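Pasting in a structure now, in structure tokens, and then I'll have a few things to ask.
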Amino acid sequence: MLNSLRLASRKNHPEDTLVDIGNNVVIGGKKISVIAGPCAVEGRDLYLEVARWVKKEGGHLLRGGAFKPRTSPYSFSGLGEEGLRILAAAREVTGLPVVTEVMDTRDVELVARYADVLQIGSRNMQNYALLREVAQTGRPVLLKRGFAATIKEWLLAAEYVLSSGNSSVILCERGIRTFETYTRNTIDIGGVVAVKEISHLPVIVDPSHGTGRASLVRAVARAAVAAGADGIMVEVHQNPDCALSDGFQSLTLEAFSELMQEIRLIAAAIGKALAAE
Amino acid sequence: MLNSLRLASRKNHPEDTLVDIGNNVVIGGKKISVIAGPCAVEGRDLYLEVARWVKKEGGHLLRGGAFKPRTSPYSFSGLGEEGLRILAAAREVTGLPVVTEVMDTRDVELVARYADVLQIGSRNMQNYALLREVAQTGRPVLLKRGFAATIKEWLLAAEYVLSSGNSSVILCERGIRTFETYTRNTIDIGGVVAVKEISHLPVIVDPSHGTGRASLVRAVARAAVAAGADGIMVEVHQNPDCALSDGFQSLTLEAFSELMQEIRLIAAAIGKALAAE
Amino acid sequence: MLNSLRLASRKNHPEDTLVDIGNNVVIGGKKISVIAGPCAVEGRDLYLEVARWVKKEGGHLLRGGAFKPRTSPYSFSGLGEEGLRILAAAREVTGLPVVTEVMDTRDVELVARYADVLQIGSRNMQNYALLREVAQTGRPVLLKRGFAATIKEWLLAAEYVLSSGNSSVILCERGIRTFETYTRNTIDIGGVVAVKEISHLPVIVDPSHGTGRASLVRAVARAAVAAGADGIMVEVHQNPDCALSDGFQSLTLEAFSELMQEIRLIAAAIGKALAAE
Amino acid sequence: MLNSLRLASRKNHPEDTLVDIGNNVVIGGKKISVIAGPCAVEGRDLYLEVARWVKKEGGHLLRGGAFKPRTSPYSFSGLGEEGLRILAAAREVTGLPVVTEVMDTRDVELVARYADVLQIGSRNMQNYALLREVAQTGRPVLLKRGFAATIKEWLLAAEYVLSSGNSSVILCERGIRTFETYTRNTIDIGGVVAVKEISHLPVIVDPSHGTGRASLVRAVARAAVAAGADGIMVEVHQNPDCALSDGFQSLTLEAFSELMQEIRLIAAAIGKALAAE
């Protein structure tokens, strides 16, 4: 079934790939990485407060959208370059590298000037021109699984990046679309395990989009680490009820602290540790 | 449920939208339009032969991919500008306008120089930068439904085009992804009827991608017209077994002729007619 | 893929199966049959009124649930044997045979005493004990597709009936469960065509459950006939707003009359006719 | 959304339900239970060997099908009462209670004579007559989620059992049907967490059916425990390659031993322990 894979296949590359982000952050191997921050960058002070909290609790990367894909053209779609500047300021303050989404081939150069990791969002997983353009920056790429992409299609999307000469791909499972509507998406935990078996690339899990309900995030994050994921990506906000997007799935600062404690314990139970610990 | 719709909503625009393509082709209203041609433009002579056949049998637009989205980076991905030139030549010869896909914001100007209708493919339905860029050419836009997009998301994607000042949007149902694997996709025939009720935009159906099996195409095309679709889009190839992509779902020239005859009869049964008849 | 099929396969039985229901009703071949009636049998007078209307408009069989499967144990679940008696009375009055669902192996004998066709509902498509018990009555069986059953599983369920010695199986596509929520289910119109190709058994379509919206039923019924289905099964109610179950998807008496007129025209367009015309 | 729930709702019953199976086995609360055994009971000696291994490694219940639902009527469908006798013998030998599936209302009394827990399989989750009949035995009921059932429908199926006077319901997530085909089903790990939040009933996870690949089972079992499931149910076979059904997803005896060790560690990491330890 997966014969069309070349560079992404573990058959051709048995050892785990470690993706070096810079700032002493490496994703993969025996270490668990945590990427955290609000869904969208909404303003400088708000963002820096969350960033400091993430740093204090032991998080490894900051997330935050400057360019936001929105289902409706009438929704808030991000601060654009101003958002990127805030992300860079947060890196300055905390020392943590930043990951942010890019949606247009014409923005790739701009975003790469500010961000440490370029994120391909779920809707753009098969935007092949974008995959190639992002690859050519040389920056590590966080490749979210399309919400209706098979494992094979996901890995072939990674193959687009790899075959463009960029070997720093981090896969991110963020839930697939199913008939179930109680949760926003359905985290494919078996798929995470399968991808770790099929491919050498690191895989992280986003339980925020994967559940769409803050009350479910911590437990699914624990499950991800127990299943062998290399890290998690979660939305955190000072005041989820006031978030400009996706507040319903954002952890409070306090809940994030508890999450860190819990995954530390799960990591230890399977012979791993949080990165840099 | 559909309160977020503004310009695409039939509530705000009760009468059917007719999209004028030029060359005396109008999509919508009481007329059925047929878009046909091979999946990819593979070469000049092959393409012109199919184009002449489509014209002879009463087809209204020519299709053919010059830039092809492919799941694997190692598959044939189209002839690029050479393919566009062939499409323009076919228009010259037949008088039929041409529709072709554009995948990258940076190619929009190029493709718009050659094509009469710009197609947004299923994988790019939520590529919002592309939607806006395509809208701004002023060319009619054929907006394929994302293979896992809800009706609401599909109409909101149309809303991106409409709100960018381009009112010439043709929706295209091409099958959604379900658990069924016998067919390539599952044509959402109820969705076609629903969209005609919710929106004033014309809707066509692509039974080639929608079934992935040539033997099922004609019957599904008849169903589409009977359900109220404004037209169909089908793949036709002289020698489907040798097609560079999607041959298994392409009609032969003879089968296309029979299809035209069949939908002529179905159209009449519901008080419509093929366009230009 | 479908090698496990034996008795249901067209390879082994190329000609179309005609299912003889009695009372001069035969399903399959070049004739279109219409099964109509309310979702549930709610009372004698109401039922007889609908039954007479169905007869007058040219319908061929009466439907109505006496035993209703309900998602919640607290919902109305049918009149039981009293409902069966009303169905028999309606047959007496109209001369039309009746089809009704049976859900429990222990009720099969009872239901078979009253009904002309035994229906296996979508939830019970893989209730194998029930399939075998129903088969052994010798009555024709209307086998609804499970709402998440593949075409292969559906035909293998038919194979349970056939291999129990009962060759009178009518398949019924009633929509599958997908991510789309605007419609109650997604009618798999391509699946209908596929099943007609793979199997010799007659296939009818239920656009009422298949869409869950009365305003979409007529168009989908037209599509079903145009695609080659052997008939349709629709819910009709004097006063849909007051129906004890599924009123939102029931046609009014007037809409049913229009439906009959429309499918008569579509049938003619593909060289068929309504049964008994 | 879940207002139709009464007896299954945590709102009406805040504390966790503990289901007492007898033989000192209780499911729920702070304890993790493990149910293991081959898919089908294939013979006395084979079964007893697996049963002793499960007991030795600390498993809590034995599983094994005597009546097997099979998609094709031509597949092996279990040993019937002979299989039940073997299960009873295994209980005798090991002291572990046994769980087995019942598929026909008419078999419920027979199966209840031998089994400690009656299993409702995925295909029968909405077989309401069966739910009621099983409830009335007073035996604990293991209710597998239908492979295309929403969380709401699953809990309403539990409500059928509860409202029939039987409060001993154990829910079992076994994977849902999605577009992904690499795994047999998609384990809904977020759904497990959601159900624990919505309902007071214990929930276990079946990673064997949930993945359909033995190599993925252990990791998904760890994830289930980390997410808060009350136990797991896994298929174990001496020689998976020779199993009469589902061998491809069965653990070897050695792999089962490793699984027990791993979930012991995960349980401890979240403040739980294996039952009876």
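Note that the chains take the letters A, B, C and D in the order they are written out, and that residue 1 is the start of every chain.
Following the convention adopted for this analysis, contacts are C-beta pairs under 8 Å (C-beta built on N, C-alpha and C of every residue); 3 or more make two chains touch, one makes a residue touch a chain.
Remember, it's a predicted structure, so these values are computed and weren't measured experimentally.
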- Item | If a chain touches subunit B and subunit D alike, it appears here | A, C
- Task: Compare the two sides of the subunit B and subunit C interface and say whether they are made mostly of the same residue numbers, over half shared, or of different ones.
- Result: same
- Item | Inter-chain centre distance, subunit B versus subunit C - centres from mean C-alpha coordinates, in Å | 34
- Could you tell me the distance, in whole angstrom, between the mean C-alpha positions of subunit A and subunit B? 35
- Task: Please compute the C-alpha centroid of subunit A, do the same for subunit C, then give the distance between them in whole Å.
- Result: 48
- Task: Mark out which residues of subunit C touch at least two other chains, giving numbers and ranges.
- Result: 148, 152, 177-179, 181
- subunit B partner contacts - residues on subunit D that touch it in the complex: 148, 177-179, 181
- Of all residues in subunit C, which touch subunit B in the complex? 1, 148, 150-152, 175-176, 178-183, 185-191, 193-194, 196-197, 207, 210-211, 213, 215-216, 219-220, 222-228, 262, 265-266, 268-270
- Please name which positions on subunit B make contact with subunit A in the complex. 4, 6, 69-74, 103-107, 123-124, 126-130, 146-148, 152-153, 156, 159-160, 163-164, 177
